[in-house]
Amino acid sequence: MAIVLGPNQYGKAETRLVRLVRDSPVHGITDLNVSSALRGDFDAAYLDGDQRNVLPTDTQKNSAYVWAKKVVPDPIEAYGLALAHHFVDDVAPVEAARIEIERFDWTRVAVGGAPHDHTFVRTGQEVRTAAVTLEPPATHVVQGFKDLIVLKSTGSRFKDFLVDEYTTLQPTDDRIMATSLTARWRVSDPAADLDWNGMYAGVKAVMLERFATLDSLALQQTLWHMGRAALEAYPEIAEIRLVAPNKHHFLVDFTPFDESNENEVFHADDRPYGLIQASALRDDAAPAGDAWWTFVDLA
Amino acid sequence: MAIVLGPNQYGKAETRLVRLVRDSPVHGITDLNVSSALRGDFDAAYLDGDQRNVLPTDTQKNSAYVWAKKVVPDPIEAYGLALAHHFVDDVAPVEAARIEIERFDWTRVAVGGAPHDHTFVRTGQEVRTAAVTLEPPATHVVQGFKDLIVLKSTGSRFKDFLVDEYTTLQPTDDRIMATSLTARWRVSDPAADLDWNGMYAGVKAVMLERFATLDSLALQQTLWHMGRAALEAYPEIAEIRLVAPNKHHFLVDFTPFDESNENEVFHADDRPYGLIQASALRDDAAPAGDAWWTFVDLA
Amino acid sequence: MAIVLGPNQYGKAETRLVRLVRDSPVHGITDLNVSSALRGDFDAAYLDGDQRNVLPTDTQKNSAYVWAKKVVPDPIEAYGLALAHHFVDDVAPVEAARIEIERFDWTRVAVGGAPHDHTFVRTGQEVRTAAVTLEPPATHVVQGFKDLIVLKSTGSRFKDFLVDEYTTLQPTDDRIMATSLTARWRVSDPAADLDWNGMYAGVKAVMLERFATLDSLALQQTLWHMGRAALEAYPEIAEIRLVAPNKHHFLVDFTPFDESNENEVFHADDRPYGLIQASALRDDAAPAGDAWWTFVDLA
Amino acid sequence: MAIVLGPNQYGKAETRLVRLVRDSPVHGITDLNVSSALRGDFDAAYLDGDQRNVLPTDTQKNSAYVWAKKVVPDPIEAYGLALAHHFVDDVAPVEAARIEIERFDWTRVAVGGAPHDHTFVRTGQEVRTAAVTLEPPATHVVQGFKDLIVLKSTGSRFKDFLVDEYTTLQPTDDRIMATSLTARWRVSDPAADLDWNGMYAGVKAVMLERFATLDSLALQQTLWHMGRAALEAYPEIAEIRLVAPNKHHFLVDFTPFDESNENEVFHADDRPYGLIQASALRDDAAPAGDAWWTFVDLA
């Protein structure tokens, strides 16, 4: 019996990077939070404190900045791929690289009804995310978003569930369904000309439509149908994973007050919340490798 | 010399309340965080633990729910006024009431290009706020927002400042200016037919336009002009207060890398940040009374 | 009628500063979050964008670092006073200065039962705070803490309160009382040899003892007695202000499960919460001036 | 090619539960955040919205409360095991259960130098965690903590690292090393009489001692030695995983100010930060199964 080094990675997390495009009076802006992690021949750094193979995390930060200059980092997936290739191709001990990106959305301020050239307001509830894993010969891109808060005020029921001696929940044919959705979908070995921005908008639209129009019998069922719709719309997607807290809205009891409450006034509760994790995948999907081995999101 | 009770207030903070309107298949939604504080003849509760004058905070919560049923809480200012009047008019020991409200914005999900009847996505960066102070015979409504994140990628300079022996900052003719704006404006003894939603949209638009078009010499000057523009546009507003962190964007130094950086790649720093507090008011403004005595925001 | 500039201040917020003392192998550490705000003759900066009187916030940051070198910033109140005097005495346009400080507590790691020379673990739930306002000839120091979470599992009742038609709360003779306490106490024109660290420990101890031993009839009464005890113990204190959320612990209803619950199992709820603001002061207290005009805590 | 349901779990997250022991005037308190997730025969719920096998998350919450009454939930690992067994043993469709627990620490308030019977103050920086995975016939308990903030003011160097064209970092023989440590260690098929509280205190102490006494050549090496020390001290532990942000403390440059700075004044930066993930395991460790499949921490 011996004690051995297990899985490991290291890198620079949360480099907050703003890239402007100023080649005309109409400026462009890309606002990112970039993290990079390297995997490879780093055992000596852990076991003996030998840094000879260790590219400093400070250098990784510098590289993130420089690559944002070399190419405008939009779509973020292309930027992540370029940066990952730099680490894997140019830095000898690096065997695999992971780039995680958050993108914050801005829109132009309206002045006199027209979009302004260089003034922006941050918009959007959700944060677009990308995670590139380059582990030659495989390449994985996990596109996604987090914090997309959606709600339907009807068209959701929950009944005919398992009842045991600790069950007090009443079945319902009409409830509010609300969640703060995290969704991530994997494309392995993507085509060079894949339209990442188009796919992002498309998957989001397809999932929102499904959320809206499905007669919901449970959040589980809703997530499955949303995920399946994404895979049906985009054959490039190998699998999709969804995490959704069930943000409970409790009907306030008005009977003590001689008032009616016909599904009109709700208490939006914080904790606890139901939590559902679901995934949909193609049965012939390429292997995921380390595509889901997160870096910054790990608890 | 004696030790005496000083200023005090008590109430229920952060009642999370969702109000639906369901009188047609096209549902409406109002999503609020409501806090109420009572001021009045409550000394005995502090000094002797005598609760006879104390309306429980739980009752205040119930009242917030019931009043959201009696009237759809939109505009939030009208709802706040109605709830404040209930406490002051109907509960004997209450001499003044303060209602603080945050409103979260939702828009309809698009399905097939059309807005959906009952499915919503949370939008908007900023949170709309209102603080009603009813202290008869005066009534104050402080309308506002927080967390409105804006940025201009040029049109901002900072130079010709005071230099002492600890000054290392270099003057600049072109920098990013970005802030997360909190703005609050006071209307005292408002007219019954004041269009609160129109005023909110108008003040926000006027301030954003000013932010965009002003050649900024400093964040102080920018805030003053934004505030003054709001007062010029709306004679009902007695004063406006703005708080703005200067969210620094530092140009990344590319000289070690044989790359240029012509105001293109920036590091968005977290802390420290400059912080500016400014206010503009009419010289004949009605007295503010306790309009600015906050409840939940107090540290 | 004219629109005029109202109250304003500007400065550098949240400079995160760690000061080591290394004059022996047993190191000392002081870990601070420092904010400085200047008040004075700055109207031209707002009205005209004229920066000639404006000491950059970047310089204020540099000054905070340099003063932490000149004197070990412990007690934080002495450091704040020294830094405030620098701004008011050495920078001509500055008429008043405010320094706000948060201090994070560290203790030594135990190695073989003995405290280690240079290894520390962050401890303590609460954050010690200080706010120095130097507005010659007056000087105010507001000492305090925030986030001190306390709970008593019995010895708290709430009954005989005002009941109206919206009251459903049941009176109780035995409940959990818990809060996350913010307390701030003012010393004006402090003696040069005031033992700030001793006062901090003393006020905290006195208030905790009072919280523990008082038979609580309401959070209002508890806060008053805690504040009064602090003033009784320290004649230097002119006034004290307390803000306390009533962190509700609801007894879980076990009747459906054929189990008893004799005040044993509680749900600790997040929102809404009762919120109490109380203050105690001497009836001959020196005027507070701008001692309570906060900088960073303002919403 | 077909689209199929992938890995899934569902449950109730973050039930905030306080358990008092009141069988003597000296009360005991256990303060927990409990999450439960079920895995098993739930495909129909996703695919068809069929809830017949679905135990509501509300029932899981009720069960968490009831089990906290049946047994005092201390150690939390025993409580988690009991609750997991309830779900797996008593609810037919459940094939595996995961219980994740956070425990918040309280100590007694001192009154007159003695610990008070029923008044507590929340203490401790770190949060103790446990994750029980019951997937018969295997049982895994992952004990751990998060948010343990540690710092050493010397005894840390970083040099002789890989240098490429983007490297600007200077080597150092003396720097501050600080991190907010997350550590989790797995015990599979634990003995019934395992002293969980003793193991928790022991692992924490061993790791802190190692952090203090090791001459650090890199955070990677430090983590490895901390993890190995835990496995050497406790043969029951199969593996340990550590995640550590390198909380950078940058020496402030005083050369413009004619001041020295001999590793005395530092800027504690927020972002970006280095991030290191390390693990140590026995080469004959029992398989981990789904022990590391997190529920609430998943991004």
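When the chains are written out, they are named A, B, C and D in that same order, and each has its own residue count from 1.
Basically, a residue touches a chain if its C-beta (ideal position, glycine included) is under 8 Å from a C-beta of that chain, and two chains touch if they have at least 3 such contacts.
Here's who's who by UniProt: A, B, C, D = Uricase.
All values derive from a computational prediction rather than experimental measurement.
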> Counting C-beta pairs in contact, does B-D beat C-D or the other way around?
Replying inline: C-D
>> Using only Cα atoms to place each chain's centre, name the chain farthest from subunit A.
In response: C
> Do subunit A and subunit B face each other with the same patch, meaning over half of the contact numbers show up on both, or with different patches?
Replying inline: same
>> With centres defined as the mean C-alpha position, give me the subunit A-subunit D separation in Å.
In response: 23
> subunit C to subunit D: how many Å between their CA centres?
Replying inline: 30
>> Need the CA-centroid distance for the pair subunit B / subunit D, whole Å please.
In response: 38
> Taking each residue of subunit B in turn, which ones touch at least two of the other chains?
Replying inline: 15-16, 62, 66, 166, 168, 257, 270-271
>> Taking the touch rule as given, give the residues of subunit B at its contact with subunit D in the complex, in rising order.
In response: 165-166, 168, 256-257, 270-271
> What residues on subunit A touch subunit D, complex-wise?
Replying inline: 1-16, 35, 37, 42, 45-59, 61-63, 66, 90-91, 93, 146, 158-164, 166-169, 182, 216-218, 220-221, 223-224, 228, 231-232, 239, 241, 243, 245-246, 271-284, 294-299
> Quick one: in the complex, what on subunit A touches subunit B?
Replying inline: 15-22, 27, 29, 31, 62, 65-66, 68-70, 106, 109-112, 116, 118-125, 148-155, 176, 205, 208-209, 211-213, 249, 252, 254, 257, 259-270
